[in-house]
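What follows is a group of structures, each given as structure tokens.
Next come two complexes built around subunit A: one with subunit B, the other with subunit C.
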Partner chain A sequence: MLTETEMKQKIRDFIAETFLIGDEQDSFENTDSFMATGIVDSTGILEVVGFIESEYEMTVEDDEMTPSNLDSVNNLTEFVIRKTG
Partner chain B sequence: MKLPDLLAQAVERYGSRIAITHENNHLSYEQLAAWANNLSEQLRALDLSSGARIGLFLENSSEYLAAFWAICQSEFVIVPLDTSGSPETIASIISDCDMEAIFASPRFRRKFPDIIRRTKNLKAVICSSPTGLEPDSIQSVLMASMPSATDIYASKHHARDDNTKSLAAIFYTSGSTGMSKGVMLSHENLVTNTIATLEYLDLTENDSVMVVLPFYYIYGNSLLLTHIAAGARLVIDNRFMYPELILDTMQNEKVTGFSGVPSNFTIMLGKSTLTEREFPHLRYFTQAGGGMSPDTIRNLIEAFPDKQLFVMYGQLRRHLG
Partner chain C sequence: MSFNKDSLRIDADDVANQLMKQLVVQVRRTLHKQGVVIGVSGGIDSTVCAALCAKALGPDRVLGVMMPETDSASESETLARLLAKKLGFKVIKEVITDGLIGLQCYEKRDEAIKSVFPEFDSSYKSKITIPSNILEKSVVNFFNLTIQKDGEEPKVKRMPPAAYLQIVAASNLKQRLRMTTLYYHAERKNYAVIGTGNKDEHMQGFFVKYGDGGADLKPIAHLFKTQVFQLAKALEIPEEILERTPTTDTYSSEQTQEEFFFGLDFYRMDMLWYAMENNVPVAEVAKVLDLTEEQVKRGCQNIQRKIIGTEYLRMPPLEIE
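For the complex of A and B:
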């Protein structure tokens, strides 16, 4: 079982490697909104959902596709913990 | 008829009605026209060439519309820019069309210095907050803010050249086949297309459309023009990344139309509660911007048998459902 810190790092690495290049990979905060910063777009968020679904063996329901669940590294981590904990 | 006449007619007929809803702010036709007048004055104070190209580097917003109408009623040429474009791409378009001024959103401030450094003839950046650019590199102009609802709109009659064949806007292609190319559209091109489309969709002042497509796309621009010409309402929401928020807005604002490209429909049908919700006010969907798969079309029609679907892509506009 991963600790929260490890899980957060894994999610952060996925975001950085999938959507950012070079120096940008270190230049965002875990609290940054993906939408406000433009890191992730409307098709990108589906990749994020696909990642947490396969990585943490969970299903994201249609009505869970909201910013409070998905819109930052911290929100994603808390959401995964709520769903799988 | 020229583009500014579309807004002028709407203001005359529907002045106090809402033209734009964005983030719970509502802007009436009179406010929009008053704002456009204020911005026109700012443009005229800049000493630009006749027929100067003016860029729009703004996300979908009330500012976009006010600047759009200000440019065309000042007889300048509108050049909408892809807000996701890199500084290199933006700068190459600025040079290609010899742009003299640009309305820019503070959201993209990080890109400004890089863009300015790569361009020669750009004279001014008009922005709603300080640009932070060196005054010796370019003139920064603070964009006039939205007039309050109590400001009185005075219709102004500008002496205008009535040549409808004159250039109104240049839309740059996405450049998927190499360099992006500027498509030059006259007032007549845009007005004729607008009137044909609004008749075809049977738009009236009672309509309102959910706008998730960027106005810098020609299809998004068509939404802008047709709904303003009809005295209808544009409901802007730039959060399509979370379709649930868009569906909430559609219900709360009681929109009568939704316009999307195929990926919008694929995402909404695949990963949102679209088909579980009720949209009693919704009258139609329009789809353009690429061929949509027959499965997606079928799923949409089956989920919403009482709504019209206009497929506006390709040589033939088909009317289904």
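For the complex of A and C:
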């Protein structure tokens, strides 16, 4: 079982490796809104959902597709913990 | 300036006259062309553009091109012919199905659909939709795939990104082949290609780059859809066209633009957008539209997100110095 810190790092690594290139990979905060900062677009959010569903063996329901659950590293981590904890 | 239910009202006769003057100037003096080619679908936007061009340049300088393919509604051709007859311009039909088969449009689209619904075959119709509750809840835009057989309940699933991207990429071949067809006719006649997108489509990115977005002149790209309807009435567009629900005419199952892309009816979307552009206080907007302040904020955020997220579609190719 991953600790919250380890889970956050894993999600952060996925975001950085999937969507960012080079120096950009270290240039965002865990609180940054993916969509407001342009790190991830609406199609990218679907990839993020696919990642957490397969990585944490969970299903994201349609009514859970909200910015408060998905739109930052911190929001994602808290959401996964709530769903799997 | 007060914000009220009529804030989107325009002096349609005056706007039409100004647009017609500009059309002549742009086609002749800027583009140095002898006329225009327009893809006519029987929808309100292409209809208004065709009417403006026919009145401004004369019907002899307008060529309408219908470009149906296997998923097009038959109603589209009937309405396009009705319009051409009324306005007196020539219309020709170019069926693009064989070209799309050559590009493997349907094959690639169906392959992606089957990755979501393995049982999918030609007995089903399909469409893509987005959640339509954007005022009720702040949602991340995602896309559902719906397949349906005649007389059966639809099957709906949220699409994984790979399937979504492949279905859209394959379907966009339709708009790109239409653009290619329009430029064939434009070049053989030394005409300009008219883009028929309105402001809702142009600014929120509801068009295909180098597809229906590929044109020489876009006469109504600054007008909200609700204002295009006002122009249509001023231009005496046939009632059958005015009453038609705006559709994408891209997917085999009937699909409105609201359920595919905008997630909100045109009146409220345009009013929210107008209010946002004119810095109308949220409380005032909520009162006029009979919404809560939270709903107003969610609607505006959704529009803003689409404008920002589709900026690249409106960019010309970038050059690196």
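By our rule, the second predicted complex is superposed on the first by the 85 of 85 C-alpha atoms of A that agree within 3 Å, B and C clash if a C-alpha of one lies under 4 Å from a C-alpha of the other, contacts with A are read in each partner's own complex, and residues count from 1 in each chain.
In this text, a contact is a pair of C-beta atoms (placed from the backbone, for glycine too) under 8 Å apart; a residue touches a chain by one contact, two chains touch by 3 or more.
On a predicted model such as this, the values are computed, not experimentally measured, just so you know.
Taken together in the superposed arrangement on subunit A, subunit B and subunit C clash. Shared-chain residue A:M35: touches subunit B and subunit C both. When the two complexes are overlaid on their common chain A, residue A:M65 makes contact with subunit B and with subunit C alike. Using the contact criterion defined above for the overlaid structures, shared-chain residue A:I81 touches neither subunit B nor subunit C, since it reaches no partner. Contacts of A:E47 after superposition: subunit C is touched, whereas subunit B is not reached. Only one of the stretches 45-53, 81-89, 99-107 or 135-143 in subunit B has C-alpha atoms clashing with subunit C after the fit on chain A, and that stretch is 81-89. Once both structures are placed on chain A, subunit A residues 35, 38, 41-46, 49, 62-63, 65-67, 70-71 are touched by subunit B and, in the other complex, by subunit C. Residues of subunit C touching subunit A in their complex: 131, 137-143, 158-161, 164-165, 305, 308-309. Interface residues of subunit A facing subunit B in the complex, by the touch rule stated above, are 34-35, 38, 40-46, 49, 62-63, 65-67, 70-71.
The residues of subunit B lying in touch with subunit A in their complex are 84, 239-245, 263, 267, 271-273, 276. On the subunit A side of its complex with subunit C, the touching residues are 35, 38, 41-47, 49-50, 62-63, 65-68, 70-71.
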